[in-house]
Every structure is written in C-alpha cells, then in structure tokens.
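Order of writing sets the chain letters: A, B, C and D. Residues in each chain are counted from 1.
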C-alpha cells in the first residue's frame, strides 16, 4: 500500500510535468518542469531499489543535462517575440495520433500476462561496476568513445565562426 | 512500220536531251545559244514527226503500234511502260512538235534580254518532253505521270517571273487547282486498276469489254467521271477553270504553248483516249460540263479588257466546245477541233504577245487601237486567226466547229430533252465571233486611244513574225478535208469512200467499241432513258452526217450575226473614246449584263469558292497545326506530364523537410501499427 | 547456318570508329569519323550482290528462309535465358541498312561545321549508327531491343547537347516517348519469350517466333495476340510517329542540329515501320488480319496523312513544317502496311526509303538556309531564288520529290500505297476505298504546303536583308547530289533500284498472314 | 507487491507525452525536452523489467547507458541548435527544412 502511495507520489508529477510542458508557453518554465520530471523518475528508481541509478539520474540529468538546457534557453532566448506554435490542424492530428498511440499501447500492455520473476534485491554501486566492466565492457568502451566524440563535436560545432585571414592574405575563408 | 515507234521515241527524247543539257549547262550556253539549241532540237523533233506522219498516212499503216518495256510490278500486277501510236497519236504528236517549234522560235525573240533566258528554254524543253510523253503514253498511269509533269512545267512557267507576287500566286493556284482534278484522276485510275487489273488503255478496254464491271455500271460511271475530272482540272472546265485566267501572268509564249495549244488540250485528249469506257451517264455529265463552260466563259470574254484574258476565256470556251463534242459522242469533231484550235489559238496568243511586245508590255486593249498601221503582219495573221476561231467558212475553225455543232444537233435531235446541248454552242458561236472581232477591232483598228502606246508601238522582229505566218497558214488550211463515208470501225465499208485530210486521219483512230454503244445494243444495263439516249449518241458522228447542213447554216448565221454586231459597234463607236459606256446603252446591254453576271459569278462565286476553300483549309490547318496539335494532342501529352508533376508536388507536400512533420508521420505510422497489432491479437 | 562476318563488321565498324574518335588528336576527329562512315558505306555496298538473282533464290520459298549473311553466336545463356547474338538481313533489312550507311555518311559530311566538342559529337554519332544498323539487322528480339535502346541514348545527348534553345525539353520529350514505347515493347517481348516453345525451349529468335506453332498459346487466345499487338504497335507507333504519339517529333526536329534531323527523319522513323513489318506482322499475323486492327491502323494512317499535312500548312517555322510533312508522309507507310496488299506493302517499304532520302534532303536544305540567315521563319524569308539559284534548284528538286511528283521518288511510294489500298479487301468492299479517297486528298494538301513554302521562301522579289547570302557551298552540293540523284533514280526506276530487292520478302510476310492463306 | 505493470503504463504515458512535445513544439530546445521524456520512459522500462523480470543488473546497466547517451545527445544537439541559431537567428525548427546552410 505504501509502495503504491510512493509510486503515485512520483508518477503523478512526471505526468503532470509532461502535460504542463505541452500546455506551457514559457520556455523557462518548461525547463523547470523537465527538472521536476527527472527528479521524480529518479525517485521511482529509488523506489525500485536502483539507488545508484537514482543518484546518477539526479546528478547527471538534473545537474548536467537540465542545466545545459537552461543555458541553451538563455543563449537563444534573445528573440521570444514570435510564439512558435503549430497549426491547428496539426494540433488536432497530433492529439488524435497521441490518443490512438496511448490507447493502443495501454491496451497492448494490458493484454500482457505478466510473469512474476524473482525480485532483484537492492544492489550496490560495486555490483553495477562489476557489471559494467564485465558483461557490458564493449558497450561501455563505445559509450566512452561516444562521449569523447560528442564532447569534441560539440566543442567544434558551438565554436564561433571567426573569419580567418589566410596566409596568402588575399582570400577570406571560414573554417 | 517497225521503226515507227522508235522514230517517235527519238523525237520525244530530243527535248529531254535539251532539258538535261540546259539544266546543267544553261548558264554557260548563254542567251541566244540556249534558245537556238532548244528550238533546234524541237524542230528536229518536228521534222521527224512530220516524216513519220507522212509515212503513216501515205504508205499504209496498222490501226495502232505499241511498244512497251517492263517497268515495275505493282503488287502482283506487272506494269509496263510503253508507247502506243495510232492516228490520233500521230496527229497530236505532229501538232505539238510543230506548234512548239513555232513557239520556241518565237520565244527566242520574245524573251530576248530576260535574265533567265536559258532557264525559260529549260522549262520549255521539259514541257515539250512531258507533253509528248503524255501523247505517246499507252497507259493511264503513264498519262498520269506526264500529266503531272506538264502541270509542273506549267507551274514553273506561270511563275517564271516569280518576283511578281501575282505570278507566284497564279502558279501556285494553277498547280493546286489542277491537283484537285488529279486527285480524282488518281481515284479513277485506282478504280480501273482495282476492277480490271490493268492500266494500259488496251488492257482496260478489253477487260471492260469482257465484263469487268458487269453489275457495277455505277462504278464504271464513277470511274469515268473521276477520270474526266482530271480533264476538268487540266482543260480548265467549269468549276475548276479559275486557274487559267490567272495563269496569264506567265510569259506570252507560255500562254500560247501551254495554256492554249497543248497542255490544256491534254484534258480533251484524255477524255478522247478513255472515251470507250465512258458510260452514257458519264458522257451526259461531260457534255453538260462542256456546255456550261463554253457559254459562261464566252460571255465573260465579251467584257474582258486585258488582251490575254480575253484569249484565256476564249480558250476555256473553245475547250468547252471540245468537251461538249466528246460528251455528245462527237469524238472526231472534238479532237478535230482540238487540233485546229491549237493552231489558231497559238497564233492568237503569239499575236497578242507580239502586240504586247510591240507596245512595251501594255495589255489593256482600251489603250490600243490602230495598231494595224504599226504592225501589219501581226494584224493580218491575227485577223486570220480571228476568222478561224469565229468560224468563217474555209478557215479551219469553221470545219471543226461545224462538226461539233452537227454532232450536238444530231444528239439534241434524237434527245429533245437535251436540246440545250445544241442551243448553247450555237449561241456561243455567235458570241465567239463577236468578242473576237471586238478584240481585233479594238486592238488593230478604230482609233489610237493612247498616243503614247501608239507612238512607240513597232512591228516585232522576224524571229517572231515568221512563226506567226507559219501558224496563220496552218490556221487556214489545217481543217480542210473530208470525213470518210463509212461508219467508224466498220471494216466492211472501209473500201468505200475514203476521206482525206486531218479529219479523216483522226476518224481512223475513232474507237470502234464503246461502253455506251455496247450498253444500248446489248441492253446489259437497264434501258434507262439516259442510257439508251446516249448510246445512240455515241454514233452521233454517223448521225451527224445528216445534220451537217443545218448545223453549218446555224453556225454561219450565228457567226454572221456576231460579226454584224461587232461591225455595228465598230461603226457606231468609231472615233469615240468612251466606247464602253455607249456599249451599254446599245443593243448589247442584255448580253453585257449577262456577261457581267458571268464575270461576277466567276470572280466572286467560283473564285471565292476556290479561295474560300483554300481559306477554309488554311483555317483548318492553323487550327489543327497550332491549336489542336499544340493544345490538344500535345496538351494531352503535356497534361499527362503535368498530372504526374502535380502528383509529385502533392507527394512533395509531405516532404516538407521539417523534422516535426516527419516525426508526426512516424508517430501516425507507429500508432497504426500498434492498433493493428492490438486488433489482431 | 554458317557465320558471315560481313554484316557484323558493318554493324560494329562505326563502334570501332567511335573508339577511334575518342583517342585521335583533335584535328583528326572529323576525318576519322568520315573515314569510318565511308568505309561502312562501302562495306554495305557489298551486300548488294547477295540480293541479285532469281527471286526464288534470293528470297527463299518462305519468309523464314530469306535471310542472308546470317551471323549467330551464343551471347547470354545463363539464368535460364537463351539470348543469341543473331543478325542477318533479308529484303526488309537490306535496303534500310544501305540507306542507314548512306544517310549517316551524308550526315557526317553535313556535321562538318559542328564546333561544340566534336569528339563527343562524332563519338555519339557513330554509336548511333551502330545502333541503327543493329536494329535493322538483329534477328534476336532481345538483341533487337538492345540495339533499339542503344539508338535512344546517343540521340538524347545529340539533341540535348548540340540542339537549339529548347533542346533539353525536346530531348526529354523524345526520350520519354520512346522509352514509353520501348517499355511496352519489352512487355510484349517477354510475353513472347515465355509463351514460345521452339524445340522445347523458350526463344527470342525472331525467325523462330514467326514460324507457325512456336507460340502455341497465341494460336487460340485472340485477346492475347491483340494485346501483344497493341503493345508492340504503340512501341513502333511512337517511332513512326503515328497520331497521337507524334508530338515529340516537331520539337525534336526543331531543336536537333541539322545532321541529326536528317538521321532522325531519314532513319529513326523507319525503325517504327520496320518494326511493324519485322516483328508485329510476322509474329502476330492473325492480329494484323483482324478487321478492327486493320481499320484502326488504316484510319490512323489516313489521319497522319491529312493531319500532318494540315499541320504542316500552318507552320511558320520552316523546320517544323518539314517535320510535320514527315508525319504526313509516314502516314502512307502505315496505311500501306495496314491494308495487307502486296502493292501496299511495297509502297510502304518504298515510301520508307523514299522518305529517308527526301526528308534527309529537306532537313539538310533547311539547315543550309539556317546556317546563312540564322532563323527559320518562313514569313521573314523570301526571294531567295534570286540570290541562291543553285540552292533553289536543288531545294525545288528535293521538295517536289517529297511532294510526290512523278519521276521523283515520292510519287512511287504514294501511288503504290494508294493503288494498293484501293484493292484491299480486309476492310470489306467499300472501307478501303473510302480510306483511299480520303488519303488521296492528302496529295492536294501536300501540294499546298510544299508550294506555299516554296513561294514564301524562294519566290517573290529578292529581299535586301539577304543580299549578301552566300550560295550553297561545294560541300553542301556534295551532300545534295547523291540525294537528288537517288530521288530521280528511284522515281524513274523504282523496281530496279529498290523493289526488286524487297518484293519477295514482302510477299512472304504477306503470305504469313492468315488472311492470305 | 506491485508488478511491473504500473511502471510500464507510466512509461507509455511518458513516451506519448514526449512524442507529443517533440512534435508540437517548434522550439528546438523544447524538442530536446521531449526527447528526454522519451529516453526516460525507456530507462524506466528497463529498470522496471530489471527488477521484476530478469532479476539481474543488466536492465540497470542499460539504463545507465541510456543516461550517458542522453547526455551526449543533449550536448551535441544543443551545439547543433546553437549553430543553427547563429546561422538563421531563430530556434524555430521548421525553418530548418533545407539540406544546406
């Protein structure tokens, strides 16, 4: 019963956050709703005994990604004048598709006859570390490379374009 | 006799040699020499044909000689290219070569100084070759080929002075109007070939005689009329005569040679050649066409003021006579008139050319007058020709016209419903005398109405008047002769009373068997009124014997009346300048009204019809060529392309390049898949 | 069958020439191309002796026996397909091969003043020649199809690169039309292949396919042969071109450079008529003899004649006028073929050759004017007879030959078709006659547009703006002389020059028709 | 004892909401927010199944990777959007419908 209550405690805010973002027009508020959702999901991880994951969720997402997003918002919010809204037809269509998808997925989920497996016990970060360095070594290495590439790529892409005087001196080129 | 055809073939090929020489070397050969070359070859051809004709006449001859060589196979039918020589061929060939020789010589003088002098003789030579080929040809296909070739030469020669838009237009008109006739001619050949499997005249005749058309007499009639329409075009018969007056834009020797003496007579020759297969109905049709033509154009000739146009309408009228004669069965009379007419009409044209030449290009007879003083030889020869065409006794035209009238009278006598076929030519005989004398008087007598023209007029050089003299002699004497007494083709009486002269020579070639004659005697066709009527008419030549005297009397009276009227006008209007106005208030008012009507009809209705149909064709062409093809057919095609393009654009609507739209589509697809899965499970 | 290398040599010599053109120094390109075209022409003259002799020996007792200089090599024999390199000529292919080599030679001379990348031009030109020669001699349907498509590509580039202002449009249009046609042809081809049973296997062999019994399914299914006939017909009708598939032609002609127009009108259009006679009729003799088919083809032929002539009458672009006249003239080919008479077949074949000569001549003549005055507007032309007398003489010869003047080649084709179709019985007693009469009126219209254009271009007072126009050059006369000579020779001696080589084959094809059995 | 059902349902909700956000918002940054929703839905599923089904840590590890990839994605996407913004001076994603700059 308690579990259900705690689940609802976290689940309701995630959904509310989503709906709020959908309806909201203020981009800064949307960012904060996102943070709320991320924290709630982190709470759910705790509820499921995935403590490490919950911590990571809050640290990386809320501390990193969400802040990054807020920075993005700040950086690009010089012109807020035009309200960027989809057309009415598009909205209706989107609503219909969303409802259909929701209905379909929920129905299909409802049809599943769940087989209860053993409940995994709460685990320690050490076990996660073993798992990552053991079974998931390949993906781990790939992920690290990906992160490196993403960092370099982001640095390259976000770099301001400065006209560079070529050594010959005559031609103006941009790199 | 074996050499006979080859002699004629040689004579035929001589102008071709001239043509080939001149076409490649014409400009090198230069002005006088190219003329002498062409004329020399033509005279040689004339000499050969005269020798041949002499031999033919005086040393006995078979009915006909044919030489042919395999030419091609049309499907499964072998087509030979051959020549056929009988008395008619001899007569025509000789006439063409002699008249052409005269005109070639004359042209050397007339075309003197023209920048395209060699070109002129190139075309003339080609024309002579084609015309002689037409005369010699033994098959319908051969006739058609040369028929087209003479049309081509006519095109070139009418348009010889192509810088003048009128000349270029007239040339085009002549060719296209002729093509209308030729198209039907071709259909006629197709009918004949389809039904008989033959194109040679003898082959066609024998097949028809053996019943190739048994049960299909209507088709035979149609074939005859189709073939006749070739002649309608070429011989300028109503309603396809509109090109001939315009064709006077060509140089005058061309008018004389092509549009008076030879080419326009080719239609008559054709009808004469295919005469045996013409059914009574077809003949009647032909006769009426001839009748309408001869009276209509004679009326118009009365009011024409251009010397060449008067002669042009007179030519149409005389050709109408010939056609009418053939239509009423007067085969000999029609072809006889063809020959005499060729001589005197060539003379008239050459005379008019001499006048135009002497008057420095002036063609309006209202500006002439008293030219007799200045050019006596032209005047005298012109008078001879006028007498001949008017039908003054002892001149050639008298005999031939008399023969025609006799045939027509004979026909009308037996078929009273067709009395018009005699009345029309009789009336026209008077009109002919009138307008010709009017022409002569206005040109050579009365007063000099234009001092300038009169003062500068001069007699033509000898090169031009010698041919006039030769033709004048022919115009008088060519008609002398007597018909053989026996019936045509009746060998039993052949020994009876032999005729002599041109007419008898022509009579020898008269076809012995004709469909129309056959239809009457065998009654294979339902003995309709027309059929039986015209069947007897095919023997009108025989019947005509009895009608010669009354016809002569009528013709002479008509002629005298015409002459008297012309003289009256001349007397009344002597020294008067405004003769045309006085004309109208005097006795000829009615005739003139009629003539004016005729001219109006000719110019407005018929020409309008021709022009109108041309305009209609042009409009159709512009519609189909520009609107229909570009908007319709091409538009349809482009429409398909445009539809495809529109479809593409429609598809492109989805392809916005916007990530969100793609995602929406993706979500839609996902939703559909999920629902489908749920549905199915 | 023994292998003859002569025909193969003729077909592929231009291809070799293309290779040579691609490597020789720039200044030699023209001479190299000309040399190869000339040698090809001379080699093709060596075909003539094969067709001399008694008709029975030359043409054989049946259509299938009449092929000479057969060369056959296995080509693609895998994946269950049996495709041969199989060429040979009979009375149908031989004159067209000869015409191809001749017109290509003349067009090569006419291309002398092509300045824009001549290497590519002459390379594609020679490739085109190989393609056409292949079409006219292939005896394997697959090979035929390959060559057929092979002509398409060079033509597309020759129009699209060396053409006039709207060349891209014209080239695309040409390409799409022809492609549409050939796709339909492809369907029919595969249909034939899988329906055929020749000695126990499927076959593309055109000779085998035309043998009765090789297409067992087709013997009984009327719908099947009608559908196949229609598929093939559209493929060929686009090339002829038959109304309403003709609209690519005026555009293509107007934009194509002069020599390419000569080839397009003189040769490429013949591929359509040739295809009908080589493929549609021998393989589907039953379909051709169906009254409805004959009616349709005959009426379309007549429409082509009249409609083409009317359209020609309306044009002010000289080249477009000639293009429409081609449509009108090719109508005679279709009419002659449609009505299944010996004379009609001969006329159609003759008309193809004659039109090859006259249309090449006419397009060349138009090109000569265009080179000098840089426009083709008939209305603005005029009075050229005074300035260019020799040219005018040659032009009038060419135009009158096209008009069907007796003594020149156009006449024979037309009169054969008209006289032949009059005797046709396939349309009932009156039908053919009605068509003939209507077609005969086309002769008047032809005279109309030819004479009118002659009048507007050559006659009339000389115009001052064309005062300095140079007379036709010696090279150009050199092109016109063979064409003019042939126009006269074919017109005077049609049998000895053309028909003697073809009549047996045509009769044999006609004999294949159920209708004539 | 709750089964995985509520988590899965929640994850479905989050997915649909995320999708709706991505599609409906024209602001590029907000689209990223939607993407985070979707990724979190996936990670939630992984963790839930890891707890209730497989009984081992692979689900959690996978969720860890999801977080890592999500952060990398966020970085790169933001960099791209900033670039986009510099070029066209807007964050309207609909303006980016050309395959060239």
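Brief remarks follow.
Operating definition for what follows: contacts are C-beta pairs under 8 Å (C-beta built on N, C-alpha and C of every residue); 3 or more make two chains touch, one makes a residue touch a chain.
Predicted, not measured: the structure shown is a model, and the values here were computed from it.
Among the chains in view, C has its Cα centre nearest the centre of the complete protein Cα set. Chain C has its Cα centroid 71 Å from the Cα centroid of chain A.
Centroids built from CA atoms put chain D at 98 Å from chain B. Put simply, the C-alpha centre of chain A and that of chain B have 102 angstrom between them. Averaging C-alpha coordinates per chain places the centre of chain C 67 Å away from that of chain D. Under the contact definition stated at the top, not a single residue of chain C touches 2 or more other chains. Residue positions 660, 664, 667 of chain B each touch two or more of the other chains. Annotation for chain D: residues touching 2 or more other chains are 19, 23-24, 26, 94.
Here the touching chains pair up as A-B, A-D, B-C, B-D. Partner chain A is touched in their complex by these residues of chain D: 1-10, 12-21, 23-30, 32-34, 36-37, 40, 43-44, 47-48, 50-58, 60-61, 63-65, 67-76, 78-83, 85-86, 89-92, 94.
Chain contact summary for the complex, chain D toward chain B: residues 19, 22-24, 26, 31, 93-94, 96-99.
Interface of chain A with chain D (complex): residues 3-4, 7, 11, 14-15, 18-19, 21-22, 27, 30-31, 34, 37-38, 41, 44-45, 48-50, 52-53, 56-57, 60-61, 64-65, 68-69, 71-73, 75-76, 79, 82, 84-86, 90-91, 94-95, 98, 101-102, 105-106, 109, 114-120, 123, 127-128, 131-132, 135-136, 139-140, 143, 146-147, 150-151, 153-158, 160-161.
Those residues of chain C that touch chain B in the shared complex are 176, 243-244, 246-247, 250, 307, 309-315, 324, 341-344, 346, 383, 385-386, 393, 400, 405-407, 411-412, 415-416, 418-420, 422-423, 433, 436-437, 440-441, 443-445, 447-449, 451-452, 455, 458-462, 494-495, 499, 503. Chain A meets chain B in the complex at residues 86, 90, 93-94, 97-98, 100-101, 103-105, 107-108, 111.
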